Amino acid sequence: MAESRSLLPWPVLRQLTSGDLLGRGKAVRSRRTDEVEPRTTTADRVARSVCPYCAVGCGQKIFVKDEKIVQIEGDPDSPVNRGRLCPKGSASKNLVTSSLRETTVKYRRPHGTEWEELDLTTAMEMVADRVVKSRRDAWQELDEKDRRVRRTMGIASLGGATLDNEENYLIKKLFTAMGAIQIENQARI
Amino acid sequence: MAEAHPVGFQWVVEAQQRGAKVIHVDPRFTRTSAVADKHVPIRVGSDIAFLGGIISYVLENGLDFRDYVVNYTNAATLVSDRFEDTDDLDGLFSGFDPDKRTYDPTSWQYDVEDGPGEQSTAQADDSEETQAQRESAAGLQHEAHGMQVEGKPRRDETLQHPRCVYQVLRRHFARYTPEMVEQTCGVSQADFLEVCRAWTENSGRERTTALVYSVGWTQHSVGVQYIRTGAILQLLLGNMGRPGGGVMALRGHASIQGSTDIPTLFNILPGYLPMPNPDQHPTLTDYVDSIRNPGSKGFWSKADAYTVSLLKAYWGDAATPDNDFCFDYLPRITGDHGTYRTVLDMIDGKVSGYFLLGQNPAVGSAHGRAQRLGMANLDWLVVRDLFEIESASFWKDSPEVATGEIVPEECRTEVFLFPAASYAEKEGTFTQTQRMLQWREKAVDPPGDCRSELWFFYHLGRMVRERLAGSTDERDRPVLDLAWDYPVHDEGALGTEGAQAWGEPSAEAVLKEINGFDVATGRPLSSFVEMKADGSTAGGCWIYTGVFADGVNQANRRKSRHDQSFVAPEWGWAWPLNRRILYNRASADPEGRPWSERKAFVWWDPDKGEAGEWTGHDVPDFEKTKAPSYRAPEGSEGVEAIEGVDPFIMQGDGKGALYAPQGLIDGPMPTHYEPVESPFRNPLYGQQANPTRKQYRRDDNQLNPAPPEEHSDVFPFVFTTSRLTEHHTAGGMSRYLEHLAELQPEMFVEVSPALAREQGLEHMGWCHVVTARSAVEGRVMVTERLRPLRIEGRTVHQVWMPYHWGGGGLVTGDSANDLFGISLDPNVLIQESKVGTCDVRPGRRPTGAALRELVTDYARRAGIVDGVHPRVVTASADAQARSLAAAETSDDDQEGQ
Amino acid sequence: MSGSTDRPGSGAEVQHGGSPGRSRGSSRGGDRVMVPEADFTSYYGRPIVKAAPWERDIAYYLFTGGVAAGSSLLAGGADLTDRPGLRRAGRIGSLIALLLSVVALVHDLGKPSRFLNMLRVVKLTSPMSVGTWILTLHAPFAGLASAAELVGMLPTPWQRGPVRLLLRLGRPAGLVGAVTAPPVAAYTAVLLSDTATPAWHSAHEELPFVFCGSAAAASGGWAMATAPVAEAGPARAFAVGGAAVELLMAHRMESSMGLSAELMHTGKAGTLMRASKVLTAAGAAGALLGGRSRLLSVVSGTALMAGSLCTRLGVYEAGMASARDPKYTVVPQRERVERGEQVRYQG
Amino acid sequence: MIGRNSLFGPLDPAPDAGYTDAPKRKGFFTDTSVCIGCKACEVACKEWNDVPENLFEMLGTSYDNSHSLNANQWRHVAFIEKPASKPAVDLGMPSVGAPVSEVHEDDKPDFQWLMSSDVCKHCTHAACLDVCPTGSLFRSEFGTVVVQDDICNGCGYCVAACPYGVIDRRRGPEGDPKVGIAQKCTLCYDRLTDGQRPACAAACPTESIQYGDVEELRERANARVELLHERGVMDARLYGNDPEDGVGGTGAMFLLLDEPEVYGLPPDPVVTTKDLPRMFTRAGMAGTALLVGAALSFVRRRP
């Protein structure tokens, strides 16, 4: 605040001395008001990112303070959106800091009626076992017309349009190597 | 566009302020219409009639951009005399095999100099092959491979010859008169002609018109032909490859473009290389030749280099010349393995495990009930998402649990819900709708056990390889020989024991592999031209080569827009080779001069470089030093065959395709077919809907009856769904957020005041919408933004619904996608989920088992009987016979659906 | 964790944002809520200005403030004219009214713990700030006088030491209290009028007189009811004078209120205003005629107080109703615009 | 100091509030002719200022489920569906005729969907600020009007004083730290102190919300309304740009396409402080009358 802060504790005195007799501005400011700073200034760092919602690809700046995301807004340098965002892009902080986000693995046993907790290691082991088993059980060296196909019809996958190219690359590479061909994503719905 | 891509819409508003006229053609008055200069309400599913009418207006009045059309499109090329059009064959093109419901495109081919009819096999596939192509959504590949044209097709530059494409097109659309458009689309002739005038007066040397569509346009049984019609019109008016022109697709997900370039799709490999199938691709050579079709022009000629580089990237040192670079390791597809086929297989119990990676089919895909019943019959399901989406909790709170069709205690599916890292908690690239890759920096670590897909699949692959380590079984070689050792960082950063401690694989390392590198030195390639077929280079996706040029992550460039041109080439990186407008050679005339100063974009500078170079505001989408005057030597092929006046360098003839002799399964030219579910008989000819569409004729996928079948009046209204600005696709990333959910808190159904009065619907009361699949309820929003239309002398009411709701999140409601059945576009197997017929009734829908009774009662009244499915081919028998006569193939092929 | 959490406020009329829930206007079935009545346009019938968030406590404070002010005046006068009974009634009335006033004011605050922030500034443009300082001036003295009165009633042996000092201060404090009482009665009218609430704002010419009259009537009524009949003459006169002023000025106020005047005759406000007229008139008549009888004094005194309370509540309800219905904001302003007489700075 | 126009009339509010070297007055110009009703402003505002949920209920009033500006809604996008046959100006008065556009009947769009993002007006003469008894509402050095929520004791006076019905006392939801306190748009005062643009203006996709110096915005508004008139949009008019209007002109001005009340805005708002001197005078007279009356009551006759 360019103006210097008066030392008088009682605003009424400041009204008399600071040319703000009606107590409209300079005289009535609280200390907190004088020392206010935006989160975008007090942030530790800024990550340059891209909005996860539609395919326009609006540039975003993610402000981080004490390892927590404190603000996400448009990137003014981006030629795509010139710092602007739509309601969904503007709600990105609400998305990543939502209290409804899942943070632990949940497991539903066959015929179960409730979720159960599962630690990450066990879950990964269980999925790896099932992948190997399902792959083998539904393996087709030859199809019904005796054509060599070397594939498994036991594993299917859906998803990719919200994922990164690098992720899609590994997914396609791994599934193809395993012979899983029923691989699809939102591009076809 | 203002609804689902508001920030992209800033450029439309800016253009409007500079005097541009914005026309919005949409069944419903949306937020785009609110700001547009003109809103043209149109009947859902009649877009080809509308655009065909404009094409006819252009051709009848000779308003096409003649220099552009003659030089840059195949307008002058002559078509074989054996081609017969839909007007003569009651809605079919020539060469239709009614049993296999596909075309033999031989009769569509160009009239090539070495005598008509003797097209080489490479050029034409027989109807069995096209049936295989429908099954494997080959259109997606052909579209990118371009047509294969061998030999010199005859041309008539004066465009007078009756068999030149220009005249074939004119005759084809001759019946699309303003009256026909008014009768079919419900658009008044005045409005229609105003659009025609605006479009044509704003195209040519000095001005360009842009055609923008949202991806809903592709969700029709004739979706690909919708886009073809738009492309033909833009080619005729010379708007392709030029600034302010073109056809812009607005995609709904951040990286849908990326997920087809580096496809998690069943029918293609990265870079649009087709997944091999046993019949056409027994060996690597057959595979490569099927793509590049020797003799044709275009950049596909280097398909061998692209394929070998991919195989080297997949299997590294194991891929050697003598084992065809592990070509045999690739699994083969043998038909339709699309998501809808897989879901129906799940219902039949044929699928064991299912991964859902940031997708929510329980409410996001068509025929929600089938999706959920399919998931209920799996061995195991892995869902990776930010929230507990409906696809994860179907077993306890899906509509089918309410109707009793899924009983939790009896549902055997084992479900794993893995928490996923959000976009801000992992680094990597999206590919935006304008083919631009943008790298995202990681802001913070993911919370708790949330991890990225990169982490999950890298470690899953590692664990699977460990489990198969000792195997001597031949089938496990591809997994064990896989090049799968990526550098991992941040070990132990997110946890100390077990999987929590596993590190994150380096996304940059993966992007480098995608970019491609020299195997010996590891030097990143800077263009796909550098790719070799001898195994000396590796590259995960040839069209992305250059994203890591000079070892720099070009996708992470963020030079401020203030410091560069309006094309902003130094922000992110666009494939191919950072060209921002494809085919931008077409922005210059045949001599390489800009069509006009105002619209200059890329042009030939004779004194640049040794003998002149292409230059301009964008990276030229053309060989830099190939002069406009260059003509291909006799018998040349591939890149060398592309002449100085061939801007469309991916096409087999280097020209824009007004007429596509092959590559499209449902015809060389778009023609009006009614949607699969329509209250109207096709006004043009006997063939009611797309004869080559993909159908799944099953009792759990019955369709509403459409003329000529009876009882189509049981579902008298036309309905469509689309997006609200406040929500995102099926709601998985918006219904769980207070700040978005409170903006649109309840599922609603928009009806016109006239329909409200007719059906007794009360504003803000409840109504339910019924189809042969299900019934969904919503609050009634009576609004004048929807208006009844006069079609063929009858009034038709159109109903609109958002499809963002489901059982989970802060705001819940029924999912509109439950209403649609599954019938697919033949070229790319995308479902028709933007148009259907329905009934609308006041009050809330019945709950529990009563819901199924309501739907069954409707099916009964609509004459829907198990085991019986309406005819697909409704053209006259005589027409079918004459069309079949033009087909080359013998008739002993087996029955195919 | 079940998918959907129960949303607070879902279906509830009240918005967390504060203003009263969606006013649907008269939405007819099938027809949208666009233009509720034919005679003016609004945004789905929603309010344009916001009704004050004050609960009824503020209306009660208007009444108790009036009684406190009037009682101080009567007590002061009685002290000067040696009417101990009337003085005691006045001072006690002033004390009770002041205590009730403070309770009502603090209770209505959104953040009662920050009550003292009222003394942070002197805002001449804020009637509430001016009023706070008036009360800060008046209350201690009136309180002191009342304390003196109470102490005076104690058995004599207790009246030693500081208590005697208090007794001596009783008179001067009471006089200062009396002199500072009128602003207490008058400022509350300015407090209501200095808002965008159509009824209150348009009545700013006459409201101070209505409130002062009402204060006189109420405090007179209190004194008539509690003071010995013999000494209550001035109270009766005060009450009758006040009642007369109140009734007269209330009538004239309606003519300057424009469209909002209709609210004084309809709905809750209308009932209250009618009741206040009846009660005040009856009370005044009782004061005029039955000066002798104890019972009549009590009855008419109570009637006068009840009438004053109804006036305050009636004015409160009229104001709230005039804010909630956009008609009272739009129609007068639109008419000004149509006549080309928008309020513009004349230099 | 109490200047000549301190209570009414054109005024530069920051110097009037005691700032010696105040920067240029900042404000909004909202051009509703390019508003696409996307509500990015509503969301960006809530994200930056942690404004909690408001209603969570479908209101059936076109796409507006936010109801109105209030303590939990500092930006509010209005949606008005104007049917084809808009009834003639319906004030029941022999209207002089609102500016009926001369554009030929069928050129006028047959159906209009008006959208406008409403916000606190940051008036030159701010009734809320004037009536605030604790000095919580203050004039910032940028000429904007801001609530100091560490001072406000929730007296609610500002709520009744605002001629536009913007500010309100927050009632919920449970556990929100600012329940009971007056809340409204602060024009992102904290961002302004560091030279940044308010969150809503930064987000607005079509720059319907423009932030800048009020003088410069007034010129831009005039130019824009003239351009629209040239293009036949005769219904375009400015709102709040006139420093001589009832509130001395507003810091947030608008270009509307219909009468203000169609958007829920008052047609001729006046700051209540304009009549305050008159009110105090009348109160003084009434008080004096009371005093005299009391005196007379004692004088007139001995009981």
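So that you can tell them apart, the chains are marked A, B, C and D in the order they are listed, and the count of residues begins at 1 in each.
The criterion applied here is as follows: contacts are C-beta pairs under 8 Å (C-beta built on N, C-alpha and C of every residue); 3 or more make two chains touch, one makes a residue touch a chain.
Just so it is clear, the structure is predicted and the values come from calculations on it, not from any experiment.
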Middle chain, criterion being Cα centroid separation: A
Quick note, more Cb pairs in contact for A-C or B-D? It is B-D
Centre distance in Å when subunit A and subunit C are each reduced to the mean of their C-alpha atoms: 55
What whole-Å value do you get for the distance between subunit B and subunit D if each is reduced to the mean of its CA atoms? 47
CA centroid of subunit C to CA centroid of subunit D, Å: 29
Gap in Å, rounded to a whole number, between the CA centres of subunit D and subunit A: 36
Can you list the residues of subunit C that touch 2 or more other chains? 1, 7, 10, 27, 32-33, 120-121, 123, 125
Would you give the residues of subunit D that are in contact with at least 2 other chains, written as numbers and ranges? 38-40, 42-43, 47, 52-57, 60, 81, 83, 130, 135-136, 151, 205, 207
Listing for subunit A: what residues touch at least two other chains? 11, 21-24, 27-28, 72, 81, 84-91, 94, 115
In the complex of these two chains, what residues of subunit B are touching subunit D? 2, 6-7, 9-10, 13, 17, 29, 31-35, 39, 724-726, 738-746, 748, 763-764, 779, 781, 783-785, 810-811
Please name which positions on subunit C make contact with subunit D in the complex. 7-12, 14-19, 22, 27, 32-35, 38-44, 46-54, 69-70, 73-74, 76-78, 80-81, 108-115, 117-118, 120-121, 123, 125-129, 132, 178-179, 181-183, 185-187, 189-191, 193-197, 200-201, 204-206, 208-209, 211-212, 215-216, 220, 230-235, 237-238, 241-242, 245, 323, 326, 329-331, 333-340, 342-345, 347
Touching residues (chain side subunit C, partner subunit A) in the complex: 1, 120-125
Along subunit A, where are the residues that touch subunit C in the complex? 10-12, 15, 21-24, 27-28, 115
Enumerate the contact residues on subunit D facing subunit C in the complex. 5, 7-10, 52-57, 59-61, 64, 67-68, 70-73, 78, 80-81, 83, 87, 90-93, 95-96, 127, 130-136, 151-157, 159-174, 176, 179-182, 242-246, 248, 259, 261-270, 272-276, 278-280, 282-291, 293-298, 300-303
